[in-house]
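Have a look at these structures, which come just after this line.
Same chain, two partners: subunit A is paired with subunit B first, then with subunit C.
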Partner chain A sequence: MTDTSKSQAPSRRSLIGWGGAGLALGAAAAGGAVAMARTGNDVDPTAAETGAPVEFHGAHQAGIATPVQDRLHFAAFDVETDDRAEFVRMLKDWTVAARRMTAGQPVGEGAYGGLAEAPPDDTGEALGLKPSRLTLTIGFGPSLFEKFGLADMRPEALVDLPKFSGDNLDKNRSGGDLCIQACADDPQVAVHAIRNLARIGFGKVVIRWSQLGFGKTSSTTPEAQTPRNLMGFKDGTRNIAGTETDRLKKFVWVDEKDVDEKSAWMTGGSYLVARRIRMHIETWDRTSLQEQEDIFGRDKGEGAPVGKAKERDEPFLKAMKPEAHVRLAHPDTNDGATILRRGYSFTDGTDGLGRLDAGLFFLAYQRDVRKGFIPIQRSLAIDVLNEYIQHVGSAIFAIPPGVRDKDDWWGRTLFSREA
Partner chain B sequence: MRAVRLSVVTAAATVAALTAVTGCTEKGSSGDGDGVITVTATDDKCEVSKTEVAAGSVELAVENKGSKVTEVYILFPDDRVVTERENIGPGTKQRVTAEVKAGDYQIACKPGMKGKGIRQDIKVTGGSTAQRDPRLDKAVAAYREYAQTQADETLPKVETFVKAVKDGDMEAAKAAYAPSRIGWERTEPVAESFGDIDPKVDLREDGLEDGQDLEKDWTGWHRLERSLWKDKKLTDRDKELADQLVKDLADWQNRVGKAEITPTSMANGAKELLDEVATGKVTGEEERYSHTDLVDFKANVEGAETSYELLKPVAQENDAALTTELDKQFAALNTLLDKYRADNTSYDFTSYDKVGEADRKELSDAVNALAEPLSKLAAAVVK
Partner chain C sequence: MTDTSKSQAPSRRSLIGWGGAGLALGAAAAGGAVAMARTGNDVDPTAAETGAPVEFHGAHQAGIATPVQDRLHFAAFDVETDDRAEFVRMLKDWTVAARRMTAGQPVGEGAYGGLAEAPPDDTGEALGLKPSRLTLTIGFGPSLFEKFGLADMRPEALVDLPKFSGDNLDKNRSGGDLCIQACADDPQVAVHAIRNLARIGFGKVVIRWSQLGFGKTSSTTPEAQTPRNLMGFKDGTRNIAGTETDRLKKFVWVDEKDVDEKSAWMTGGSYLVARRIRMHIETWDRTSLQEQEDIFGRDKGEGAPVGKAKERDEPFLKAMKPEAHVRLAHPDTNDGATILRRGYSFTDGTDGLGRLDAGLFFLAYQRDVRKGFIPIQRSLAIDVLNEYIQHVGSAIFAIPPGVRDKDDWWGRTLFSREA
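The block that comes next holds the complex of A and B.
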């Protein structure tokens, strides 16, 4: 270890990315010692400036390996209808609306200019805003498969998550038959998308719970500055990059080898675990710097693992305290378990006691939850960080493959028998 | 209810203005020529000198030969008023003029100034026409009649409630409270188009405006609701308020028949009733002391459904998928509401404080499921 690394004050530039950094499981992907060039800004400057759209169509859904945007609106829905045809019609309507919104266009016939006596098709608050790299990603929860005679289509890998040590789950912030993850560089664009999809869904689905997020806590662009979480730490230094085709194939995308005939519809998809993790911000802020760094197993300024100089230096796990977060979450501790994280910080005002209701909204994508999130989270049972965090919401979703073209729609592989 | 709100009729009035110029009092240039219709009103007759007249300035020369005070109207086929003259005393003459476009109309005399009146069909020809789908005219006329019936049936129920209040009979007053509101809640979009009546009779405690005094300025049902359920006593002030309630509602009863109603205002009125449920009833704010929210809830849904059913023939033709969805969602909401009453004809609903959070969410979801497609009804009607 060198003193120079520790004494370096964080540059102005590196602080720009403050606001989110993967907390729990932060170091899960800290692996390679590749020194990456940094731009100090996770957003591709060109794309962010132009507010360019992200391609909606593809073999995989956008919003997973896509460079992480700044803002999130995540919504979990319950299905109200028991009419399969009606539900499929809604998925098709959603797809059409999602295709338009991600391209920066309003829903239907737009927000104005129509009949004066009728409400406009689009709610209008995104008019004049750029596409802002909006991505919309749909997922199907375990409970969906109890409906529409889909039980035998439920993939084996879509397990019900076990109860983890320290869980204090609020059922009103957990579960859901399906979910939509909206990510964009402009919060209004993300909220607009969820609002319009919810509107189209009335009578068929209802929002069960939703979460706003800001300050991405993870990066899928390794050349970028690693973002910080609300505890002020960098986390997830070696998260899977959107360009790492081999690691994505190995850890994120469901392979045809993973599925049987009944769950073949998941090929090219992924599994999402969403956890609302509340942070005890006030007590954390009263914790000494040394303890904070010991808890994470990194220094606070540079983000270097214990005993190392640079953030991206290969961590030496044995130098860390046995219960340090990075050590417990690291793939080497977990038999190579690796996930793709794209979590966000959240601050939902204050609770009745004046404490900040804040933390990390953790989103992890993986090829198989049983080899990804579950072993890592089990390993974190003794994490010293647990004194400062609590998991209060939890959900799991099967993320179907991408919408291939203009004629395709969300969930077609599941709902069309011939597919 | 909010103290001030945009009338549902505002948008409707604009539409109406395109089809008719009403209430013009300029004297017709044709003098006693073609444009004049002589109307001879008695207690049981309404005789007109001709039933066909040229478009343009039309003048009614009215003579009341009966024994009762009367009023005379020119009405559109949907009962909208083209022009009117009230308080024509026995033995007196009045002249009423209006600009009238080509189309079918009725002249109505109302001896005693009550009811639908005695009608005569007239035809106005030539010039530009004010044509609308006759099915929509029929729907509007039927809705007007419905609104009037609701008002007419409400008054005796309010009188029962008021009598109990004045007698100091708490139990009888409590029992009569919710039923006295049903007719109002069914036709609220029409009722509230008379902005000064709504805040007088249906204002909630938190609806008072800045500078208004809770004791002095707060009148109507909910003020009495508070006395009955929260204060648990009836004061002299409550008795005054009870009398005032009857007076204000009688005013409403007299004005309902003249409300500006159009097919789109009916459609949007139906949606507004669901909005009332979504914002006030589902939260339990409306009837915070009596917890009779589900009675209002049901009445709002019934009022919305009546509007919808009247417009359905036209809406179905323009957007069959929409009416299929609306049929389904009305049925679903009604089925859900039936869970909260012993039998399907009773208005004795579960007290809303006994309805748990999960059940309130279920009700709220059902309201949203209906209100969203209902917001598209107006477009389907005017297409």
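The block that comes next holds the complex of A and C.
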């Protein structure tokens, strides 16, 4: 850490006052402005090292084109209330909390001096930690539209995912009325954020499932080192970069042209497919290097496509086996279908057979799932990789556009229109 | 990261050659010496920032007095083989792999150029990552001594833990013939290490349970910022520091005086108690600040003991409620009983009721469990904290002394003696 970086990354510690022996900072300190390292959610190469905040406001939600942070906590919620006004109030409270937490501030105005009788507004475990590039991204699942009289606001593009060959889905790890994706370089910051949102949502929403991702796989910053997945391969080499405004517009952000009157609220949003993909690690680890490289169509050390020398060299698909993952997933094989990948490796203990319950929590953002994840995943039906993986969880969410300013709130474009 | 730090932390990427397009480094590069940032497992304040390696060799195993790294992957194994020679071979193979991995090198000699037909020695996902202060610490559980004719080598101090009031133990998260504690600042490095050891052990041992810790709680470096647990309190304020040689000798390391002829192999070792402690997060979060502070006997913001101003001020126990956690856990209440805490926060998704399955994976090292964890935990029977926590997993391990040099191996003092 350099001195510059320290000044860019205010410590949460300095932003709170708690009643208690010898400590009583005022609300003024807690409410103090946080110096933002950047003003839009575009790429800032230094942010990762400084732990600086990522701007919460913008035309699009942060956490999609944002350079991928190291760790993830993802939660799917179900709605418990049938009171629309109460739900909207929660969305507004969530927005206020998210705005503060992404800026590195605790939930609530911060001065607890006079309120020893009340539970603290913030649960406290992120105090003293840097903002850590925390982003919080909200999404609405198909089942939400069965509630609150929203049925005809459901965008056509928010399809129910079809059953894919090989699927072995656990409904306790699938679906959800809404989701929050929390990404941060420090997992404690991501876990803290989900927990505090769950707490604010108490009685209105309940966590249906959640997933911790301990290591990023896909990269959206081609100039940085490409991370490796649990199969040991570089993952995210050919992806949409956070800086490729044109491709983001073409493949990720919902355009005015895509929507009708009822789904106009999605303009500037995106669609997220989340798949919990278990890897048969032990079988994979007994596979020869040659076989492993054939399966992906890239070599393991450098990540170069078959027959090429360098990771960034253009893949020559015909040099690969017909069932190679990269060949089948490539846009040229799928009528140009292109997604932005943002997945994380997970390990959740051990199954009953002494095998690590580990794999890839796959997250893909796209402008239209019918022209993104679905055709690619169909094409992967004959992927040789399938011998070593199994999709065990699945969910789809409509990701509304960004929160524009400090008076705006998550879901406003959906909930402020007449149902 | 400063330039100095970069030069201290060799990238794993530079240490391996994999067969594949455009990449064929030789074994020489892989075998090259790694510049160690330090020569003993004592404190190096700069290591956390540089990602430098921690010395594997020493009189004691690393990972105990070593400054606590940010992340944990802990695995308990059961032995499957009854062939002692085969098991000893595995311990030797593990030692070689552990020595390499802690130095930031991949498992195996590293040049895969000619071996495309064989599975790679290393699974690959830590390539390009820093050593990240990885430590690997092995332990032997009571049940191991029922195998391989080891019965009379079991030290008396390796007791079966008694049942404690409030225990609700899941046997699938308890016990184990042996354990590996992997700590590192990058979780991918810790996960990689456990996975590669499990792989080397295939057919000889099998993972019984494993636990990921996403954030350290206890600190053993008083000069650094004390981390917070999931209850939002600073945790580890009064702990044994890694630099307190005298207290380590007195409370942590097994001394010559403690052992008889049969247990002499434990000299320089320690005993580890691991407890998976679930927190009732949702109930806790509805508790008033005053109540929370009363429960611990410390304030939440600063971490100061009741009636004192600063975290490091000496606690005055009588100012605390009689059932306050700190009062009950303090050495003065327990005939001087003192442990070295090294626990981690965990969150493992959600239970069937939409509650986060989260808490503290408590790890305590001590010279004798009968004078450490057991009396303290008995004293905690009336702890008001118990309303908010439940112990759901438990294990105890004898931690053998350190691996002395490159010819030594894990468990030698136990297995090279005649049974």
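What we mean here is this: the second predicted complex is superposed on the first by the 366 of 419 C-alpha atoms of A that agree within 3 Å, B and C clash if a C-alpha of one lies under 4 Å from a C-alpha of the other, contacts with A are read in each partner's own complex, and residues count from 1 in each chain.
Definition applied: a residue touches a chain if its C-beta (ideal position, glycine included) is under 8 Å from a C-beta of that chain, and two chains touch if they have at least 3 such contacts.
This is a predicted model, so every value here is computed, not measured.
Residue contacts after overlaying the shared chain place A:Val306 against subunit C, while subunit B stays out of touching range.
Once the two complexes are laid over each other on the shared chain, residue contacts for A:Gly203 go to subunit B alone; subunit C is not touched.
In the superposed model, A:Leu115 lies in contact with both subunit B and subunit C. Comparing subunit B with subunit C, the partner in contact with more residues of subunit A is C. In the superposition on chain A, contact is made by A:Thr287 with subunit C only, not with subunit B.
In the superposed model, A:Ala381 lies in contact with neither subunit B nor subunit C.
When both complexes are overlaid on chain A, the residue A:Gly128 reaches subunit C alone and has no touch with subunit B. After overlaying the two complexes on the shared chain, residue contacts for A:Leu212 are found with subunit C alone; subunit B is out of touch.
Subunit A residues in contact with subunit B (one complex) as well as with subunit C (other complex) are 115-119, 199, 202, 206.
Interface of subunit B with subunit A (complex): residues 11, 14-15, 264, 267-268, 325, 329, 365, 368-373, 375-376, 378-379, 382.
Those residues of subunit A whose C-beta lies close enough to touch subunit B in the complex are 80, 114-119, 199, 202-204, 206.
Here subunit C touches subunit A in the complex through residues 1-2, 13, 16-23, 49, 71, 73, 75, 78, 112, 115-120, 122-128, 186-188, 191, 194-195, 198-199, 202, 206-212, 214-215, 225, 228-233, 281-282, 285-290, 292-293, 299-302, 304-310, 345, 347-350, 352, 354-356, 358, going by the rule given at the top.
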